[in-house]
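You will see two complexes here that share subunit A, one where it goes with subunit B and one where it goes with subunit C.
Let's turn to the complex of A and B:
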């Protein structure tokens, strides 16, 4: 293992232990590691955005146009200028100019997203919910599959009923919405359980690093 | 029990992680249907097919997603499936590039012929839509700066029509963007490997067929390693994870019992 890899492992181990030290109580090591993490994350993101976004997509084509290599780079001036209008926010007299890039972004985003999101998330999901009933009618589903198909429809109807506030939740509507709450709780429970699994995986990865990489590196010295 | 010092719980969790890790305990791993579908789809692709892998995760999700990405890369290189790596996340390129190169070195895959990493481009929606028309219009060079026209494996690849499967490894909602803009618009087949936090909201897409397969966090990684017959970190960590889950279940049960005893005494 080379010298710089060893330094990297020791720094990573120190920062890992510093972050976990907050489990005992708040301390300067934790705060140092926390602030360093936030600072490095932002700095790293900005540098990567400049090198992988701004320079290849804006600066290089524009520079090529100025030097006469490729005149198409001048077209980049349009999005660059629109993008620069975001900085109008810094001047109180010119703040109104920020409306133009925001309007373009919202207009583009809505125009692109609304029909496709409706199709992918509403129509496809609705189709997926009722499609198994065609198979039930054709007699191609097993008993368990039929139970699943019915359960999904019951879950969807009951859960949507819970969020239907146009009528008072009394009588049958109340009971449908109560069943809907049960489905919601099962969904939240599943999401929470999976979240716990994810968080524990992060802990396991750091412990694996400390035991194998860090302590392993120490043992190789001796 | 209600006043137990929470640091005792932290110590118990730490022990539940450290002890099984030191003892290298192996528990059986069964394969779930979403993982099996994912594996079968890749396995059924003929040699010479192309998979595009979107490494849409940063260092904070590396623990859950790197093992499954590694397992898929091993399967692809073993089966002569070509890999195009990209990312929609700004802090992912370094990690993704290092991971591909590590597996490629292990499997003897050649850069430019068996795999290429195109890197990051800003504007997720524009990137996804743009590649549907012409990948070169979005990525004129790869991550190393090589012009895309000079990369041998990219000679016959223009857009999604030549991509047999797109796999999104993600810890965010990028998989929904891929479904909305690549699957719905260009009929691109998509599979996903996601963190445990967002797995619950992905299952509806699997049921409708908008996803052909789905890997769930470290469990999905372990299952996939089991399927390809190459046990690695995923299988090692899921064993440890099982002990922590057992501890959490015991703590939840004890906590509930003590709560009900406390409430009964108060009444």
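Let's turn to the complex of A and C:
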């Protein structure tokens, strides 16, 4: 193993242990690792924004338009100018100008997000809930599959009832929403277990690094 | 000289004969058409032809194209024999292309189709395939607008109790009594995220109360644009409450865009500042448990809310109150009781009622062998 790889392993091991030290309590090692992590990520993010955002999306097209290579770059002046309005925050007298890019961004974002949400979260889900009943009518589903299809419909209807806000949850609505909550909690429990297993795998990976790569490297010296 | 010419002629005739023998039975692709792909931004052309019949000897197709007066060039890889369509996505907008479909036999003999008429990619303003989605959105919007007008006309609109939101005042009051700050995280979502927008609206309501109680409100942001929106919303809330002097811009700050660096930073803030109340509202990913667990360990009252279904279990396990999914969207209406938001909430309920009806009706119709609801939903999807 070369010198720089060894240094890298020691730095990684030190930072891993520093971050884990917070499990005991807040301490200078954790603070150092935390500030280093935040600082490095911000620096990296800025460089990434310049090279993957500013230069290819704003500077190059604009420079091409100036030099006459491609006049379409002048169109980019519109978003560039809108983006520059964010800097209005630096001048107290012109801070109000920042509302324009914010309004455009939120309007644009909502316009893009809402149809996607409608399609993926509503129409596709509704279709998926109903579709198996065509197979039930055709007699191609097994008894267990029929049970699953019915269970899904009951679960969706009850859970949907829980999310009615303009109706007081009394009488049948109350009971339907209670069943809905039970479905939700079963789903959450399963997701919890699944994710915890994933996290344990990450912990094992880190412990493996400490035991094999780091301590293993120390042992090879002796 | 004459002999040489004779030999050359014989060779040429032989070559042609061999070529003819090998390409015998290899019919050129028929009905080849190239059209601008409908409902796209003009970045592709679709080429179609009649697929080869079984036993035709064709083992694949190669698409060839050229621009006016240009050389023929191959596009993409060799396509399987059963293919009857190819979408050329490597075109330049505004340039006309002509296409030839070359059939290739197993012995690598080839035969070309006739070339298509020139065609160029043009973008469409309206995606006709999304018309049902557009109509559904119009209906949904109409329901919301109708309810907003209804609410504005003074009609009392009922909203059921949401326990997590009733605890907001309790959490702010606790922080005020203890003289500690309130930590509010809008999560990792960008400004266009529905959950982030909902989170920022809730923050506006929380800020109104912190302005009244003069409680410090700390908001670490992950997105620079969200930071600016949040600053603007909190500042407006303080102004509307008549407390612009209590607004401290430095309390709303950019931390980092990196997911786990953000988690480490917020965790550090929790450990050092020990906020009395923590709001985790918005889009969260794997860092959710780190944040919720640390908040729990410092003894803060925690109100979480997200539509990220995989993170909800962690919030439910580690926080005092959790807004599940759409409760997060309903929160701003619930807290502010503004007619516009309440009307919007009722409009959403109408939308849910429509889904409810569609499911029940769809199930009944499917069992009766009628599948028009499923077909419609499939088209919308």
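One rule holds for everything that comes next: the second predicted complex is superposed on the first by the 207 of 222 C-alpha atoms of A that agree within 3 Å, B and C clash if a C-alpha of one lies under 4 Å from a C-alpha of the other, contacts with A are read in each partner's own complex, and residues count from 1 in each chain.
FYI, a contact is a pair of C-beta atoms (placed from the backbone, for glycine too) under 8 Å apart; a residue touches a chain by one contact, two chains touch by 3 or more.
Just so we're clear, the structure is a prediction, and the values are computed from it rather than from any experiment.
Thinking of the overlay built on chain A, is A:136 touched by subunit B (first), by subunit C (second), by both, or by neither?
The second partner, subunit C, only.
According to the stated criteria, A:53 is in contact with first (subunit B), second (subunit C), both, or neither; which is it?
first
Check the residue A:157 against both partner chains and state whether it touches subunit B (first), subunit C (second), both, or neither.
Touch partner of A:157: subunit C, not subunit B.
Using the touch definition from the top, say if A:119 reaches subunit B (first), subunit C (second), both or neither.
After superposition on chain A, A:119 lies in contact with both partners, subunit B and subunit C.
Going by the contact rule set out at the top, does A:211 touch subunit B (first), subunit C (second), both, or neither?
first
Quick check on the superposed pair: does A:184 touch subunit B, subunit C, both, or neither? Answer first, second, both or neither.
It touches subunit C, and subunit B stays clear.
For A:203, is the partner it touches subunit B (first), subunit C (second), both, or none of the two (neither)?
first
On the A-aligned overlay, A:24 touches which partner chain: subunit B = first, subunit C = second, or both, or neither?
Only subunit B; A:24 stays clear of subunit C.
Given the touch rule stated above, what does A:89 touch, subunit B (first), subunit C (second), both, or neither?
second
So which positions on subunit A get touched by both subunit B and subunit C?
41, 44-45, 109, 112-113, 117, 119, 124, 127, 187, 191, 195
Which positions of subunit A touch subunit B when the two form their complex?
Of all residues in subunit A, those touching subunit B are 23-24, 41, 44-45, 48-49, 52-53, 56-57, 109, 112-113, 116-117, 119-121, 124-125, 127-128, 152, 187, 190-191, 194-198, 200-208, 211.
For a test of understanding, state which residues of subunit B touch subunit A in their complex under the given definition.
The touching residues are 7, 10, 13-14, 17-18, 21-22, 60, 62-64, 90-91, 93, 119-122, 125, 129, 141, 176, 179-181, 183-185, 195-197, 199-201, 204, 207-210, 216-219, 233, 236-237, 240-241, 244-245, 248.
Subunit A touches which residues of subunit C in the complex?
130, 133, 136-137, 140, 157-160, 162, 190-194, 197, 225, 228-229, 231-232, 255-258, 260-262, 264-265, 267-268, 271-272, 286, 289, 309-310, 312-314, 316-317, 324-327, 330, 334, 345-346, 348-349, 352-353, 355-356, 358-360, 362-363, 366-369, 371, 373-374, 377-378, 380-381
Would you tell me which residues of subunit A are touching subunit C in their complex?
For this pair, the touching residues of subunit A are 19, 22, 25-26, 30-31, 33-34, 37-38, 40-42, 44-45, 86, 89, 98-99, 102, 105-106, 108-110, 112-115, 117-119, 122-124, 126-127, 129-131, 133-134, 136-137, 153, 156-157, 160-161, 163-169, 184, 187-189, 191-192, 195, 199.
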